[in-house]
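In structure tokens below, several structures.
What follows is chain A paired twice: with chain B in the first complex and chain C in the second.
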Partner chain A sequence: MGGGADRKGETRRLIAGPFNRVEGDLEVRLTIERDQVVAAHVNSPLFRGFEAILAGKDPRDALTIVPRICGICSVSQSMAAQHALAELQGIAPPPNGLLAQAVVHAAENLADHLIHFHVFFMADFARQIYAPRPWFEEVHELFAAKTGTAVRAAIEARATLFHVMGILAGKWPHTLSLQPGGVTKAPDARDRMRLLATVRQFRAFCEKQLFGAPLEEVAALETADALQAFAETGGPAYAKTYLRIARDLDLHDAGLGPPRLMSFGGYRLPDETVFGPGLLRDGRKEEIDFSAIAEDLSHSWMLGEAAHPARGETVPDPQMCEPGYSWCKAPRLTGETVEVGAIARQANDGHPLALAMLRDGRANVHGRIVGRLLEIARLVPAMESWVRAMDVSEPFILHPRRIEDGAARGLAEAARGSLGHWVTVEKGRIAHYQIVAPTTWNFSPRDATGAPGPLEAALEGAPVLRGETTPVSVQHIVRSFDPCMVCTVH
Partner chain B sequence: MSRLTPAKKTMLWLQSAGCGGCTMSLLCAEDPPLLDALDDFGIDCLWHPTISEESGAEVVALLEAIAEGRQKLDILCFEGSVVRGPADTGGFHMLAGTGKPMLHWLRRLAPKARDVVAVGTCAAFGGVTSAGANPSDACGLQYDGNLPGGALGAEFRSLSGNPVINVAGCPTHPNWVVEALMMLAEDGIGPDDLDRLSRPRFYADHLVHHGCSRNEYYEYKASAHHLSELGCMMENLGCLGTQAHGDCNTRSWNGEGSCTSGGYPCINCTAPEFEEPGRVFTETPKIGGVPIGLPTDMPKAWFIALASLSRAATPERLRANATADRIVSPPSIKSTNRR
Partner chain C sequence: MQATETFYDVMRRQGVTRRSFLKFCSLTATALGLGPAFVPKIAHAMETKPRTPVIWVHGLECTCCSESFIRSAHPLVKDVVLSMISLDYDDTLMAAAGHQAEAALEDTIRRYKGNYILAVEGNPPLNEDGMYCIVGGKPFVDQLRHAAKDAKAIISWGSCASHGCVQAARPNPTRATPVHQVITDKPIIKVPGCPPIAEVMTGVITYMLTFDRIPELDRTGRPKMFYSQRIHDKCYRRPHFDAGQFVEAFDDEGARRGYCLYKVGCKGPTTYNACSTVRWNEGTSFPIQAGHGCIGCSEDGFWDKGSWYARLTDINQFGVEANADKIGMTAAIGVGGAIAAHAAVSALKRAQVKNNGSSRAPDLEV
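And now, the complex of A and B:
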């Protein structure tokens, strides 16, 4: 590690880690020439082996174990597993069950967006390196790690929002309330009012402090110009502070992802999927070909061959041999990298502002942040409507059926993107379980063709200032993905 | 206005082979929220992976300073299991940016800390990361499941003389952690404050059964048959609330929740080896129709006698509600005044 003068043509290397304000541990190796990153290698340094832990267990036990893969995407893991088990059981929740599952899932995703923006991402603009900027004093007051007033306000708003879990899911994280047939708590009339009160309190936080505007006004923004005009009018708001910084630092030019954005579809309701699924390839919408997913192991510390997750294995290489450099596998769709996350979800749903944030069909640091903010503005009103649509006189769950044999996949959208579980059951036991998590896609290592993963490619060209050991540009790009490293390798 | 503030205590937080959920839960602390609690009790958070600004080389320099005794450390919080694999190298978690296993860092830093807190059941006993075939050879700081030992060894004591303080739970309730930190900052925690498994007694001397909203069903053995039904979950649905240590039903989670109020059984997540119950989590094994697993401290003969008596006396209201997901038979209204 360490800096040193960069003479023309001189190559140097930096190892950035422990890379914090991401979920879990992360190491990024940077190759730097002159004043920019020319290559990046992303290492997910923790292996636990959940897929092996699940093998041999009763399929019902997956619902206790998989949420514990991740303390931040806990509900998403439950949702993916229960979708797979529902397919195996051949059942589907009644309308109330779908609504309640969506409310619980949305609460987690909203909380994750909140923590990402206020606690993980914005703190880097309060670093001393930005002291000369005209916005520094304001940002430091709001977003300095641990002390920022916005940081503290957001943590409190999140704790209040999670009362949704206390009412509907027992607790968070690691609820067992999400079942293939619905949810285990049938809220009564009073619970329904309490849920509505909690979501409306969260709306008030968003409208007063985060946006300084009604959520419907934010959700109606359609162009980059309209977004900028929004930032420059009305009273102060955390998101507006960010938008001014983004313009000053040209964050829309930073950290370009691949021109392929994927979403498995946000929230399944009785009549529709809110934030519909799809693949945006070079800006054109396609259906996802699930048979074309393969996890490449060429640069992972994993033994075996590239395979579809319905067949793939997870056998760690105890020697940690080269050219492996990460415990993360490299999922590819038709041999290509794809990016997942809120911007992919919103763009696949066709929201004009999300599409306007893409540059040549690619996400970027700014687009990823706007994607999340937009999703908050759209999701809170949706959540209110879901609570109101619950009919507390009707059932919230169907009884389960036994599973003897079968194979299924369960899909969900975590805050940070597409999550898939592929499950095979034989003689009433889990015979095979594979998980491909959002950050497995985004932070994958190189594949057999040598193609870098989405983050690795996004880091190429990032500027490095003299003396920097963990370049701030790299921090912005890495954190813009809202990575979850514990899900990544699981 | 001046306030009595205790001298600053320093805290370092490390995460290893867990899900990070104990930190995510900790951020749900209310009255006061986490960061206010740290301020109010004079706890200086040197570094926490989730909330601190410092990244990379800045963090490595801090760890070195603590390990070399140049930086005082009062409280080391460790979240997640310690992985020893493959083949005792600890290579399944090399702490990013250091080229060294987390196992190595833990063993260097723990002896420098006045107190060491294992946050969550993974850090305390191994937890879910050590389930199944335990692919990463995970263990707790001072326990490997039920066996004393673990990553630091049974004889380990921090500078205060305490063993590792096991704030077990999967996840931990935010206030179990906050209150343990408050105690450490204010008066310290002594051996009498910990139970046999080194869990703080302030929450571990209670049973999850205490205050459970299903207690009337338990009393009359009116049992639920399916998740979501209102009856007692001990007989059929694997609930361990009568044996599990924790105050989950006398202090609520996320406002007003708990596992049992959420419609699913207690899985005894504060205990060593809860992750491998030897049965399906949500099903009570039975021998000859009699459920296995007695309430803690209950003599078997008396339990069976009382259970059969109370089952015979089950009010119709409870029998009806026990297998419904909402109250179908409300309590009758009667005057309680003396006449």
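And now, the complex of A and C:
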């Protein structure tokens, strides 16, 4: 219900939402003074109670239930659950199993980046408010919602990429073949060739339409200047169109996040983790202290005390009491907010371009978009090498073991950032299950100290033009995080 | 956007060529199992009939139905179908935001009163007056009732809207409730599956838009053209079932050889859906082809029937005293027995459909 703006002197309130083109429901309450946002309250108005549903179930059933938290990051949910179950069973997949899991997971993350850029994010630059800009006509033709030629091309490229899901995972969304011991599908030599051909076809889309350059060339860019030079040379490409807009609108100044960026580590392979984990605090790399994670409930419609996810509960407050204003909990690391996502992943991996995008160690609208584009450029070649490394004569899965008792955590990097599942099993049944999703970190409400969540803080200072009821700056900032609200509150 | 605008007008305006349009008509005829004689009929209908608007609303859900829908196998079909529904309301894909989106919804309801199709993804949670799913400051259940009031028919996309799905699993914390238990005075077409197959979704909506009527439904409200056969009936691993060759664990020799997955929990024999024929992700595969049993996601209550990995399950939806213990045991004893048990169940099923009489829904009249 947008637009409920009432003017009281110079302060007015505005409810931005429901947001279209985001996954799930999102509402942002803005307090505006003169021409800028002075406070923002983010609400996730959708609660389903997955954690309560999981309790009492056979632990293996988590593999069927958790993907259904989200129709867009279902594989990430499966991966987190599967890691936790593997730890409980005391097994690790054989090399083929890890490679196949990584390929499936990467395909989903790539698809999410693709859709975010082409369908969710760029459409806002095709709004009438930008009509006077020199790039408007071009953007409108490429990215206007549904009719844009780039939008259609991306949806088609994604459908092709998802042949990977067909071949290795049977079905997407809500894939079943990912298991603690590996994958149930043992591809043969023919499947392997088809996988490679599919990824190659996707590479062709990226090189021809998205970047207008070889992926290796994009992945080798190291500085902001090199990136701008890239945007201004060679033929037209969707990413170059964006880069010119970003410069015109100073998007690197918009929506600054906290100076803490976290990644749980991208893809586990036999000998390494591609996109290594870490915490980047004020630009310096640290290890993550997992014991210091706590979910604060002071401003959530949840009952109970702040707790580590291995112990925390999810008990909704039916009275929806003040000062609560969201179903979302507020996860904090050593009491502080952190931002997660592709930029956090790439920066923690030490990629120079990702680090160059940070401003005083903080992500921003531009950095988040570049982080995703960079990740696409790095991930596609990696996928090709993973497919090549599969040995179809070797097993893809190990025999599972029965789980009687134990506790474990399963970590994964979804497209939108760090996802954790904390599981306790007693007498062969799930006794306790807690999920902390990427957008839970990024879109959390205030905590007990009154500190706003990363998005809430990023919105403070956003400019509001005269008469705007859905301020376009707010749209850019919100969407730069690529929120997934159905994961946020589950 | 006059009331007299036809589908053909809309498509042309959206940049679909005449040639593509005719191709779409023949694809539609094929997809719906109609002969070539229907192609000119479909074309004529699209050229002359006023466009039927579609309002697509989202309740408690994970958006997997939309995700599936936009990946339909034939890009042309998806393009055309999207252009057909694009003018109205869909809060995941539409361009407008906030109050503009709300205004678009109200406008469509008012302008096309009694003449639009309401597509529902997800379902309303009823606990705490519906406060677990708020759209535009109001409980989703209110939006649903409001939009349903003047709809000519409702499509329940997916298992959430049709049956409740995993969010309604015990203890069903929010009392997630399928659409037909809230809206009782409108024809409802259930398209279950978590999510439904893209081609099934486009097939159903194309049929309704093209012929301006509800497809023939079975007694539970599912379109017969896609839900009249069990996964098992057309499963490519069926010969292994008949030969008594089963996977015992995901890593055994049987798994590598592609044996039947019944003993690792496959629900294919009790699940009505088109996965084994239409398949997923542009026809590349389906769960059984990727070595995992069917979990029966298009069947009512699939979430609360015990572990999906349990070997033998009750198949009580046959409404007869045969359960999986019997079938499973016969299957384990010998091939002949298994086939006999199957045949018996199938015969009972046929008889049941017959006794049920015609379940054909009335055509929609404007």
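Just so it is clear, the second predicted complex is superposed on the first by the 481 of 490 C-alpha atoms of A that agree within 3 Å, B and C clash if a C-alpha of one lies under 4 Å from a C-alpha of the other, contacts with A are read in each partner's own complex, and residues count from 1 in each chain.
Here is the rule we use: contacts are C-beta pairs under 8 Å (C-beta built on N, C-alpha and C of every residue); 3 or more make two chains touch, one makes a residue touch a chain.
Since we're looking at a predicted model, the values are computed, not measured.
**Student:** Given the alignment on chain A, is it a clash or a fit between chain B and chain C?
**Tutor:** Taken together on chain A, chain C would clash with chain B, as the superposition shows.
**Student:** After lining up the shared chain so the two structures overlap, which partner does A:G461 touch, if you call chain B first and chain C second: first, second, both or neither?
**Tutor:** A:G461: touches no partner chain.
**Student:** Look at A:P214 in the shared chain and tell me whether it touches chain B only, chain C only, both, or neither; answer first, second, both or neither.
**Tutor:** neither
**Student:** Just chain B (first), just chain C (second), both, or neither: which does A:G406 touch?
**Tutor:** Neither: A:G406 stays clear of chain B and chain C.
**Student:** Examine A:T469 and indicate which partner it touches, taking first as chain B and second as chain C; both and neither are also allowed.
**Tutor:** So A:T469 meets both chain B and chain C here.
**Student:** Is A:L26 touching the first partner chain B, the second partner chain C, both, or neither of them?
**Tutor:** After superposing on A, A:L26 lies in contact with chain B but is clear of chain C.
**Student:** Applying the document's definition of touch, where does A:L176 land relative to chain B and chain C: first, second, both, or neither?
**Tutor:** In the superposed model, A:L176 contacts both chain B and chain C.
**Student:** Please write out, lowest number first, the residues of chain A touched by both chain B and chain C across the two complexes.
**Tutor:** Shared contact residues on chain A (touching chain B in one complex, chain C in the other): 1-2, 15-21, 23-25, 27, 45-49, 52-53, 56-58, 60-61, 64-65, 68-72, 74, 119, 123, 144-147, 152, 155-156, 158-160, 162-163, 165-174, 176-177, 179, 182-186, 316, 318, 320, 327, 395, 397, 399-400, 469-470, 475, 486.
**Student:** In their complex, what parts of chain B are in touch with chain A?
**Tutor:** It comes out as residues 15-25, 27-30, 33-36, 45, 47, 49-60, 83, 85-87, 91-98, 128-129, 131-136, 138, 170-171, 226-228, 252-265, 267, 275, 280-283, 325-326.
**Student:** Name, in rising order, each residue of chain A that touches chain B in their complex.
**Tutor:** Checking each residue of chain A against chain B gives 1-2, 15-21, 23-27, 43, 45-49, 52-58, 60-61, 64-65, 68-72, 74, 115, 119-120, 123-124, 126-127, 144-147, 151-152, 155-156, 158-160, 162-177, 179, 182-186, 188, 198, 316, 318, 320, 327, 392, 395-397, 399-400, 469-470, 475, 486.
**Student:** Using the touch definition from the top, list the residues of chain C that touch chain A in their complex.
**Tutor:** Residues 14-15, 58, 60-68, 70-72, 75, 78-79, 82-83, 86, 91-102, 125, 127-128, 131-138, 165-167, 169-174, 176, 194-195, 249-251, 255-256, 275, 279-293, 295, 297, 303, 307-310 of chain C touch chain A in their complex.
**Student:** Using the touch rule from the top, collect the residues of chain A that touch chain C in their complex.
**Tutor:** Within the complex, chain A touches chain C at residues 1-4, 15-21, 23-25, 27, 45-50, 52-53, 56-58, 60-61, 64-65, 68-72, 74, 119, 123, 144-147, 152, 155-156, 158-160, 162-163, 165-174, 176-177, 179, 181-186, 316, 318, 320, 327, 395, 397-400, 469-470, 475, 486.
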